[in-house]
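Chain lettering (A, B, C and D) follows the sequence in which the chains are written, and residue indices restart at 1 in each chain.
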Amino acid sequence: MAHFDVRVEAYKERVLASFAKQSFLRTLGAQVTHIAPGEVDITLHAKEGLEQQHGFFHAGVTTTIMDSAAGYAAFSLFGAGDGVLTSELKVNLLNPARGAFLLAKGRVIKPGRMLTICQGDVYGAVDGKDIHIATGLFTMVRAEGLEL
Amino acid sequence: MAHFDVRVEAYKERVLASFAKQSFLRTLGAQVTHIAPGEVDITLHAKEGLEQQHGFFHAGVTTTIMDSAAGYAAFSLFGAGDGVLTSELKVNLLNPARGAFLLAKGRVIKPGRMLTICQGDVYGAVDGKDIHIATGLFTMVRAEGLEL
Amino acid sequence: MAHFDVRVEAYKERVLASFAKQSFLRTLGAQVTHIAPGEVDITLHAKEGLEQQHGFFHAGVTTTIMDSAAGYAAFSLFGAGDGVLTSELKVNLLNPARGAFLLAKGRVIKPGRMLTICQGDVYGAVDGKDIHIATGLFTMVRAEGLEL
Amino acid sequence: MAHFDVRVEAYKERVLASFAKQSFLRTLGAQVTHIAPGEVDITLHAKEGLEQQHGFFHAGVTTTIMDSAAGYAAFSLFGAGDGVLTSELKVNLLNPARGAFLLAKGRVIKPGRMLTICQGDVYGAVDGKDIHIATGLFTMVRAEGLEL
């Protein structure tokens, strides 16, 4: 596993403060459950209003929490005054998205001055067994002066 | 523009019936505004609870309506008893997602017995000018016996 | 179709000069057959040594000429002293890559100061009929001071 | 690391036999250097004719060996009479592709009856240090009756 250095001591507070400003993540009920340099996990518990037509979590829900986990993984390494924007994302859906909750893990693969490449994975727990629901790659842009 | 033949005369009703079963699309307030063979448009009006940290529509919202428009574009060509599943998606975010509403256009590029490849695009209207917000490619799976 | 302004009058000469420096494109026998602002086409004639195991053009060949067409489409809009690098690419293979020649079309979708997003498509001609072999999306980076 | 069961005892011989039929991989000088269930590595030594305009390995070379490693990783799990086709690929280029040789690792993430999802990574060795050159995701199709 790669080791990354942070530029801002209070990087965890910065992630949580930015996360709290995203009304869509509140709509979903997503929560940050792990922050480390270049690593963010997001957990989402099942509730009404998040399903697709077969009763599973909608792919848009899965993608949203992966994208957010990956974005904040990148953001955890940025400097004061920097914001994060997703440039592009690619998601492969591996198994139906079910379980009492989903866990999205965002990890920085390659930090950069301009672009930071991240991996995202989503897991669900069904009958006490972990299911790998989705994997993806994300390109994040460091946006100077666009803090939060 | 490609021309596609449908397998089910009531393909529009099938799309609308399946769409109505997706609770997440109701949560977002998304609506189907165009259906033709291999083509579906989805419109989403701005409302509270869909924003990211800078006040734009969250990339997850943009991706969700693209994915749904693309999926139903594929589904419009499927036979009775067939369902649709997204296998993978790739989205490039081109401009901040803003405007009074978003319009997602899903179009079939290549239909297939097993896999149908679709393009998705999202537009917003800002100051009376169309903005190209996102473009993407989607692989949809025809799931026999998984109707709706 | 979008209209783009070039920054360098001799943009065609710049594309051809850079193209000529790529030994791998010579190995393939690829040729530039169209240049306009934000548009480059590359043509490749069938020859021995480019096949995969079923006798079609290898997906790597298809991807290479799409990537090069997309990259030079972006490069055609860049300023003096700028170079182009591919940051990421996504390709959907739609039909077996066959025909006497392949035609790759690269088109800028969204130019940017830092990132330029392009679409790429590859066509083949079989029995006098155009076949759409592949479509893709590409993120190109403008690299200051890395001319050619 | 996932453990996978093979369907054909002579899966290594099948991979090598199919690989030998790809004239494009001979053109590049690529060689299979590791085969295990769901895992294939391909090594490529630097030689003339594989460069892009800055003298690095062309992105098309990098993508080709990743795609082949991923495809044969999937193929190693297929049954007798099955062939493999790439449906789509996504590659993020992380660092300039240089070194005396490139090593591409293809690994199955999720096997399936119809679709097998794989990860690919390419590494180079520069001054005795491993460089992560590219990472990608690949969707492979099991093509019944299209052996080799």
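What we mean here is this: a residue touches a chain if its C-beta (ideal position, glycine included) is under 8 Å from a C-beta of that chain, and two chains touch if they have at least 3 such contacts.
Predicted, not measured: the structure shown is a model, and the values here were computed from it.
Peer 1: If I average the CA coordinates per chain, which chain comes out farthest from subunit D?
Peer 2: Most distant chain from subunit D: B.
Peer 1: Write down the chain pair with more C-beta contact pairs when A-B is set against B-D.
Peer 2: A-B
Peer 1: Just the number, please: Cα centre separation of subunit A and subunit B in whole Å.
Peer 2: From the centre of subunit A to the centre of subunit B is 23 Å.
Peer 1: Report, in whole Å, the distance between the mean C-alpha point of subunit B and the mean C-alpha point of subunit D.
Peer 2: 33
Peer 1: Quick one: which residues in subunit A touch 2 or more of the other chains?
Peer 2: Counting only residues that touch two or more other chains, subunit A contributes 87-88, 90, 92, 117, 137, 139.
Peer 1: Provide the residue numbers of subunit D that touch subunit C in the complex, in ascending order.
Peer 2: So the residues of subunit D touching subunit C come out as 18-19, 21-27, 48-54, 57-61, 63-65, 67-68, 83, 85-93, 146, 148.
Peer 1: For the complex, give me every residue of subunit D touching subunit A.
Peer 2: 90, 92, 94-95, 109-110, 117, 119, 132, 135-137, 139
Peer 1: Could you pull out which subunit A residues touch subunit C in their complex?
Peer 2: For subunit A paired with subunit C, touching residues are 87-88, 90, 114-115, 117, 137, 139, 141.
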